[in-house]
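In the two complexes below, chain A is the common chain; its partner is chain B in one and chain C in the other.
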Partner chain A sequence: MRYTSFTSYDVVLLAQGLGVSLALFLTTTVIGLLLGTIWAVIRFYRVPVLSPLIAVLAELLKNSPVLVQLFLVFFGLPALLKINVTPVEAALITLSGNTAAFIYVIAVSAIESIGRDQIESARVFGLSRWQVLRHIIAPQAMAFAIGPLTGLLVNQLQVTSLISVIGVVDLTKIGNILNLRTLKPFIVWTIVGALYYATAKLVAFGGATLEKRLRAHSAWKGL
Partner chain B sequence: MIRARGVRKSFGSAAVLDGIDLDVHGSEVVSILGSSGSGKSTLIRCMNGLEKLDAGSITIDDFDVSLPKDLAEARKRSATVFQLFNLYPHMTALQNVTLAPIQVLKRSRAEAEATARSLLDSVGLGARADAYPAQLSGGQRQRVGICRALAMNPRYLLLDEITSALDPEMTAEVLSILAQLAKTGTTMVFVTHEIEFARTISSRIVFLDKGQLVVDLPTEEFFAAEGGMARPRISQFLSKMRKD
Partner chain C sequence: MKPVSLLLGSRLTFDVTILAPHVPFLLKGALLTAEACGLALVGSLAIGFLVAALRTSSSPLLSRAAFVYVDLFRNIPFIVQLFFFFYGLPEIGIYIDAFSTGVIALSIAGGAFSSDVIRSGILAIDPGILEAAEVSGLSKPVIFRKIVMPIALRTSIRPLGSVFINLILTSSILSTITLNELTGSAKIVASDTFRPFEVYAVLLVVYASLTYLVSLAISALHRHLNRDRMPEVA
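Let's turn to the complex of A and B:
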């Protein structure tokens, strides 16, 4: 057997790489969702100082390349603060922040999409601002946001491939390693691409299923 | 009682309410008439705290609606029915009616649902309790809106042109419910264009013109030839409304 041929161990490698990519994707998605939603709620309550600060932060994160943010965290932070940042930590921080910024934007527009009239009637019936957010705005905003959110997450999944640049052994990095060993780029990158594709499809399917459930109140003919 | 004193409200340079004094006592049905833009709806929106007063005061059972800590109590005692229903579209008719009793009055779900079902039954919507607003006709939606208000067991019912978005048939179904309510002694402030109906259920008629309260008379007197009708502005308004 020549070193360029594929072995069954390569499947394990690919699975490991996929596992790392997925773990990073899921973790940063959860953190991003949490952060982005909290930021949007802070904006909803118009908290002084914090809300404008968050708006600026989100602007910065949205409008600069993820790769540059990644380099800033991985190379810039250690230089500035004299601390050690591992590749995985840098990836977690960067991707979470980036996802949070986009989720913040989606959440803000979702909250603003809810008709004023409903909010007014809920307030008149004595519901607090929090109860209005919880019972009137959140369920409808979620139904509104799930479409853009699914699109975002499918994109963020692909963005995780950037972290291979700073040495995280994710699916793309494994592809790189296999490619260098086997010298069969077309096969390796087709397989890696197919794995990303399958995962993205899974995310999209999950989003569509959730959307159907959240939109149950408008899911009939003529609407 | 609901007491308004010297209420002023303007939007930009336009004075919508220009010094309103009004008392509504328990078990009264007070209809507020006036042409569009006379400030009727704004007056209701000031009563339930949706608009801030520029000057003057409104109290509901001595709770001042411009004080945040009083407003909550004032809102518990009054309930509003809106022109465009303002139902929560993601909730069924039943959930629309039970939300505030459960969240604000802290009723148990079972208790709130039992009350809601009997209210929906009483307006002929017992079978539609699990329908979403978009599955209901306009008249049915407004009947849900009325149930939602009644579920709060309010002392005062504020009705803001509740039939203006409905066709005559649906208007009739909604008004018949109000007629029953009036008989039970529910206090109502009724902003409306339904002159004839206002005449049958009201104990008093108030006429607004350009943000001022120009007439406040018992219903009989308002429609009497020597009473409100003696005023050119009112007879002109009434003859115009009746022609439409």
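Let's turn to the complex of A and C:
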């Protein structure tokens, strides 16, 4: 017996899928932010060996499909290292790494957007390199980076939909399940699309609000 | 051929030579990827120009409609759009193969991104040029075709290039609708050889080098199209 019609339980399923998507998105964003910033700081300090290595890694991660990266981690790593990788672990590793690569680029350009003269005068005032990074560069770079960062996160939210291919039961996977059960693709994918759209708008709105706050010091206050 | 194998301890082996017999099969997949991307590039440029024209038109209704299209297709994951078309089209009596569905979906999604790029290229055109064209008595379609399009295309060739690179990367998702393009073929090879790490590692490098070559080509094209402009622009 097959239930071809929609039931009220489907709402719970969709909410569950959205929850999984959101949880993975938020977790990988936080890890990606940390990792990407650390990579950018390593580049800022020009650490030998490490910084060119990171540049190559970021280039590889940015210029290859996330789907292939997912397959490499989910199917490749277990075969190479003889370990078990669950779909959720593979998704966490891949999405964090991918997000980190893009955040690295944004962070590097944000650091470079700050004039050398500022850094030099801060050094002349006797601030250490760490103090320069913490008090001069970080606040300005943050205000610079928040715009591109919002765009990136909206994009990364959509990238999370790919993890359904390796079996994580996220919103897209739920859509697949409902589609195969009800055979009403237009309704199912429209609802799933609408949920993604609403979430993306929420992320964009959050980014815009944060940007306004971070740039408040240089905002036009009126005459 | 001497096997190039990297022995990492006793259990970890990384040997890409096992892929050698599968290269022709993978090349066939790569060709399919190239075809899909080529067609989708043409499609998304056509849609992009049309939608950019609508968005920059003076009619509020048309520009609103174009904005809704761009907003929707940029904010919904491509895989959801793809499934929408793949499972939805047969429902309304349109039976086309996975390849056409993929190209159509890629064109529509790519069109949304490229229209945004072309739009900013159009908005960057000096209004004086358009006024001069209007004063010369050219009709609106002629102005768009002969004046706006060439200028917008050459200023936005670089961002259009990154849209195209994204299109190539996105085309890997077509493997989820039973299309055996590069990623789809690699999946088959991986399950045939039981060496997924080698297969996907090579695939990752292949995609990265492919997109790198494309970006080199785009830079060359950009320089060629802007050869007569000031050095700070080119």
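Simple rule for what comes next: the second predicted complex is superposed on the first by the 218 of 223 C-alpha atoms of A that agree within 3 Å, B and C clash if a C-alpha of one lies under 4 Å from a C-alpha of the other, contacts with A are read in each partner's own complex, and residues count from 1 in each chain.
Keep in mind that, in the parts below, a contact is a pair of C-beta atoms (placed from the backbone, for glycine too) under 8 Å apart; a residue touches a chain by one contact, two chains touch by 3 or more.
Bear in mind that the values here come from a model prediction, so they are computed numbers and not experimental data.
**Q** Determine, under the contact definition given at the top, whether A:F186 touches first (chain B), second (chain C), both, or neither.
**A** After superposing on A, A:F186 lies in contact with chain C but is clear of chain B.
**Q** So, does A:K212 touch the first partner chain B, the second partner chain C, both, or neither?
**A** After superposition on chain A, A:K212 lies in contact with neither partner.
**Q** Tell me the contact category for A:L127 with respect to chain B and chain C: first, second, both or neither.
**A** After superposition on chain A, A:L127 lies in contact with chain B alone.
**Q** For A:I136, decide between first (touching chain B), second (touching chain C), both and neither.
**A** Touch status of A:I136: first partner only.
**Q** Quick one: name whichever of chain B and chain C touches more residues of chain A.
**A** C
**Q** Please identify the positions on chain A that touch both chain B and chain C, taking each partner from its own complex.
**A** In chain A, nothing is touched by chain B and also by chain C.
**Q** Quick check: in the complex, which residue numbers of chain A touch chain C?
**A** 59-60, 63-69, 71-72, 75-77, 79-82, 154, 158-162, 164-165, 172, 175-176, 179, 184-186, 189-190, 192-193, 196-197, 200-201
**Q** Please output the residues of chain B touching chain A within their complex, sorted ascending.
**A** Those residues of chain B that touch chain A are 48-50, 72, 75-76, 79-80, 82, 84, 86-92, 99-100, 103-104, 132, 134-135, 148, 152.
**Q** Under the touch definition given earlier, write down the residues of chain A that touch chain B in their complex.
**A** Answer in residue numbers: 117-118, 120-127, 131, 135-136, 139-140, 143, 217-218, 220, 223.
**Q** Within the complex, which stretch of chain C touches chain A?
**A** 11-12, 14, 72, 75-81, 83-84, 87-88, 91, 165, 169-170, 172-173, 175-176, 183, 186-187, 190, 194-201, 203-205, 207-208, 211-212
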